[in-house]
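Consider the two complexes below, in which chain A is the common component and chain B and chain C are the respective partners.
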Partner chain A sequence: MSVLLTGEQRKPFSGSQTAHWLLVAGLPLMVVAVGIAALGIGRYSVSPEQVYRILLATVLPIEPTWSETDARVVILSRGPRVLLSMLVGGGLALSGAVLQGVFRNPLVGPQILGVSSGAAFGGALAILFGLGWVFLVSGAMVCGILALVIVYAMSQVDGRAPILMLVLAGVVTSAFFTALVSVLTYVADPYSRLPAIVFWLMGSLATATYPKVVPAALPVLIGGGLILLLRWRLNILSLGEEEAAALGVRVQPLRWLLLVAVAAIVAGAVAVSGVVGWVGLVVPHLARMWVGPDHRVLLPVTLLLGAAYLTIIDTLARSLTPAEIPLGILTALVGAPVFFVLLRRTRGRGWVDA
Partner chain B sequence: MLELTDIGFAYSAHNWLFRHVSLCLNASEIVAILGPNGRGKSTLLRCAAGLLSPQEGTVRQATSIGYVPQSNQVAFAYSAFEMVLMGRARQIGLFAAPRQRDRDSARQSLERVGLAHLAERPFFHLSGGEQQLVLIARALASESTVLILDEPAAALDLHNQKRVLRLLRALASQGLSILLTTHHPQHAQFLADRVLLMYGPDDCRIGSADVLLTEANLSALYGVRLCAITFEEGGTMRQTLAPVYADD
Partner chain C sequence: MMFRRLSCVLTLLTLLAACGGQPAADETAAPITAQATAITVTDQRGTTLTLDQPAERIVTIPIPAAALMMAVDGSAERLVGIHPSSAQAIEGGILGEIFPEARTIPRDVVSEGFAPNVESILALDPDVVVQWGNRGSDLIEPLENVGLNVVGLHYGTQEDLETWIALFGNMIGKPERTTRIIDWQHNSLAEIQMQAEMIADERPTILYFNRLREEMRVAGSDTYNDFYIQLVGGVNPAAEVTDFVTVNAEQVLAWNPDIILIGNFDEATPDDVYQNPLWQDMRAVVNQRVYKVPLGGYRWDPPNQESPLLWRWLAVLAFPEVYTFDLRADIRENYQLLYDYTPTDAQIDQILHIDLNREAAAYERFINR
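Entry: the complex of A and B
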């Protein structure tokens, strides 16, 4: 007995399991590799080795072996875009995983809280009035948070919010803001404002700049950091309200803390990239099938996988065809069939009755 | 340990489920709550566990309570070990992760219920009896000295009922206090030092199991005739209670 108590906690690894966990450990490297590849790929192509040198040269004194144009394309043109795709992809995927855990439902994504729709309305409003990107971003953030406040107010029953009321309030809020967005597109000038709104809603990172990285990065760093710190608590929360309470967890504050963090990330993502769907749904499932349901491992893996996933999709979006494909369309076109195949092949592993 | 003083609970105004229930749970004591469906057995249990606040009276918990719910539907395929580890939530800080000490405690708890060999199995792949034992192990991992169980043997076959019942007796003899609900008078007979019979909103009787678990009391409680059967087994006289379903 004493041997068992002090001894090795995990069961001995089989060969395939070691390979499996090595792969997981190598995930950060993979994200970096994807980033370097994405920086090089495009109509003006730069080799991965050059990209690597150019990146190093920003911190180390290296003799340039590349042209001025190479550096400008990598650092100024593609740099912010790849950075944004990583932040948005990682943030949305993490949000999806958290919401699936909080709501104990495999079909929940970042749009369930109504935050996406709220942020979409705020951004569309800014475009309608012809305001600059600073207003677009702040409008999206403000309306995204506003949507969460409405959900909060609507879901309160006797001073707490049961899961069912939260989901219903989210659906109602989402439908309401979607209708408001329709109103905006209806009244928008069909020759100038309407196309701008529609293209923004389709989701794109084409207008990425370094200043735009800030509104996406802050929520992901702060909210994402908070979420990662609470990731073991999320395991307990996912057992359901009463059980979590019985285990000594203060359910309501913990749940709202997580929801506010998610709302900030989603609003930030929508603000800089429009509505990019499916990432928050597909990536957490992918990660859960790979590493299992324990959120301690699942959440970091989801974050990194999401970052790599959206960077790959965005690179495809800008390099597949001469004209750029809106990102939101591509994530849905790729996400839906991938999701279907994954679910069929694994029969919803990681979930009990999926 | 756990003290309920004159508690009463109503879901709507003046529509009392039960009132004036007082109970003081002693160390190493097992108290069973019996009563028909809808009398508020589970509600009383939730009040005792601190999951519901009674409208009247006070609940005093001297230690943390290990609550074992009736049925558990986990959404995720957590392993049995991960489930037990979650019992350590009170010992682990808000932003912290389980440490070696917590894993040891979880391991130890699984051993105490005899399921160490199933640690890595997904919880929902376990049989009903094994799931119940894992949930008990989770309550043990929380270092509670009071266990509150809602129908711990309700959905189990006879063998698994015996497994759970004997474990509960062993835990009580190790010093734990146990409060549980049950639909089986035989279970109360086997386990309980005292029983709480819920006859109606204003009529809850508490007393020694030997005294209260009689044919007459239980027949009145359920509206079904119960028959005490005495038999000899290996030189000792044993008694069991059996319901009579046939009319006349």
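Entry: the complex of A and C
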């Protein structure tokens, strides 16, 4: 089992180590740069110089040389969307990395716990009844957490939850909620409700607003902060249950703490953006190839990389064509081939469970 | 365009000719002998059916087909099964008031989406099942396998609409009524085309939202909405894309339409547009030209039996100085043609969404004085 770590301890970048780590250290700057670039790109044309001035004007007193509409596009339309794509991308990527560590399996992603499906059901239910986005977001959160509670209850064996039971419970819960989502699409009016549900399930940030940033930001900041604080312990946990216990870690509480944090993040992400697949699977792998398997470095790098990755993808989704490209489609189109290439390249290095 | 319309008329004539010796003026006569009334129906798939007599028991699965069948028949009595969404529209709209008996038509004819529930349809013992003809054989074969007569339909253009009317009229043996409805559509079209040719003003850009709230979905080129925007002399800014596409608020702003139409496929209202902070300087918002599309016997936004009324409604809103239609009178007159029914002023207000559109520019033209 521990081949997951040992196989990866060889650093992919054998050249200039200093340059390599400088690049890693520069990652936060890169994320900021991606964000600013994304604010300058879109279907409505605002010149880069104006974007720059509009952004500065939010903190400095600058005489406006731009129209009201220009400012609204940058601040009210692109602003929340870039923020959301960073929160969702970073959150999902981080969740994936944590789950891969906790389950010691490189193939798991945020979908594995059933939280995505649970949240999808909650959100779809709100759309079916024509409730507003507040209900959509809270429904997704509540059902996402409910899914985790079900997983918890099902996976208990003699007061603890073996990994196998946990994964099985996750698969069962996920299948159950997926079926419930199908029930909703089955009863939904094919002209009015069904298209809305399908669109939301495919994943999109097209309806981003600042109020929607809050339900995504809270879980990502709190859950993400907690995960980052625990990243040392995740290293021990990923050695295996017995090894971790032998090193004095209380495996069960730690694992559940991490899972609850992940569930909150995933539910928040689904609530504001629908089901965006592949980010939680692909980005941690990219990060692991780059900086290695040490969670102390891997987790922050994954978070930042995920934020930049989804922001780039979403900028493409909203500006390539007049029509919005659903996010879930783009992430899968980019993610699946990348993941395949990664699998091929790493097959010889024992990533696949021995 | 002209050629397609001509070919459509020819199709219609062929269909009518196929009715054989049936006396056209004698629609309501008691059934004559089987040979004399044998009807041949060629649907939009090209499949030909032979009915011994006009269909008496009809199941419709496409959602707009139920309302259209009632218009062509002038009654709801032949419908023995309809799609649940059709039923919902009938209950919620004016059609339920015109044909109260339509509220009780069975609706358990589909299992999911448009997939037929074969056994419950068999139990209804229909002469004909009207179904989508271009959405895969899964929708049709289960019905034909048990020996049901299936009429397959295509959807989306004015030609399709007229073909539906002709098909339905042929199927139920009411060619004269059918001709009147189609003539009305043709004459209305020609009238608007003629007036539109004389427009010298700048052409307004008109953007149609199929959905607005959870998702912004607009009609590009190759849609019926694009057809009538051009018909009245407008320009569809979304014509650079094809079919219905999802866009974002920024793209709408980049198009900066003069007029915005909000469809009846979600609960969005003009306020959803007026209150979007991003759109405050958009022409349609500044000039208060955001309208909820009317909803009569069916939603006016897609092709339907009342489409000529929508053309006139839109023509007046796009060029209030050019078009002089008296829409309320038109509605009264043509509801008589379509449903043998005269709507009240309150019903017309409801059809035109006066409550939502009252303040919008030029809408005073449609308010009862």
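Keep in mind that, in the parts below, the second predicted complex is superposed on the first by the 322 of 354 C-alpha atoms of A that agree within 3 Å, B and C clash if a C-alpha of one lies under 4 Å from a C-alpha of the other, contacts with A are read in each partner's own complex, and residues count from 1 in each chain.
The criterion applied here is as follows: a residue touches a chain if its C-beta (ideal position, glycine included) is under 8 Å from a C-beta of that chain, and two chains touch if they have at least 3 such contacts.
Please read these numbers as outputs of a predicted model, since none were measured by experiment.
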item	value
Contacts of A:I312 with chain B and chain C, given as first, second, both or neither	neither
Chain B versus chain C as contact partner of A:T321, first or second or both or neither	second
Partner chain in contact with A:P293 - chain B first, chain C second, else both or neither	first
First, second, both or neither for A:G248, with chain B first and chain C second	first
First (chain B), second (chain C), both or neither touched by A:L76	second
Partner chain in contact with A:L230 - chain B first, chain C second, else both or neither	first
Partner chain(s) touched by A:S238 [first = chain B, second = chain C, both, neither]	first
Touching both chain C and chain B, counted on chain A across the two superposed complexes	none
Of chain B, residues touching chain A in the complex	46, 49, 51, 64-65, 67, 69, 72-78, 82, 86-87, 89-90, 92, 94-98, 100, 103-104, 107-108, 111, 116, 120, 124, 138, 142
Of chain C, residues touching chain A in the complex	63, 85, 88, 112-114, 211, 213-217, 238, 240-241, 245-251, 253-254, 265-267, 277-278, 280-281
In the complex with chain B, residue positions of chain A that touch it	1, 4-6, 9, 11, 101, 104-106, 229-233, 235-236, 238-240, 242-249, 292-294, 296, 349-352
Of chain A, residues touching chain C in the complex	42-45, 67-69, 72-73, 76-78, 127, 130, 133, 186, 189-192, 194-196, 199-200, 204, 206-207, 318, 321-324, 326
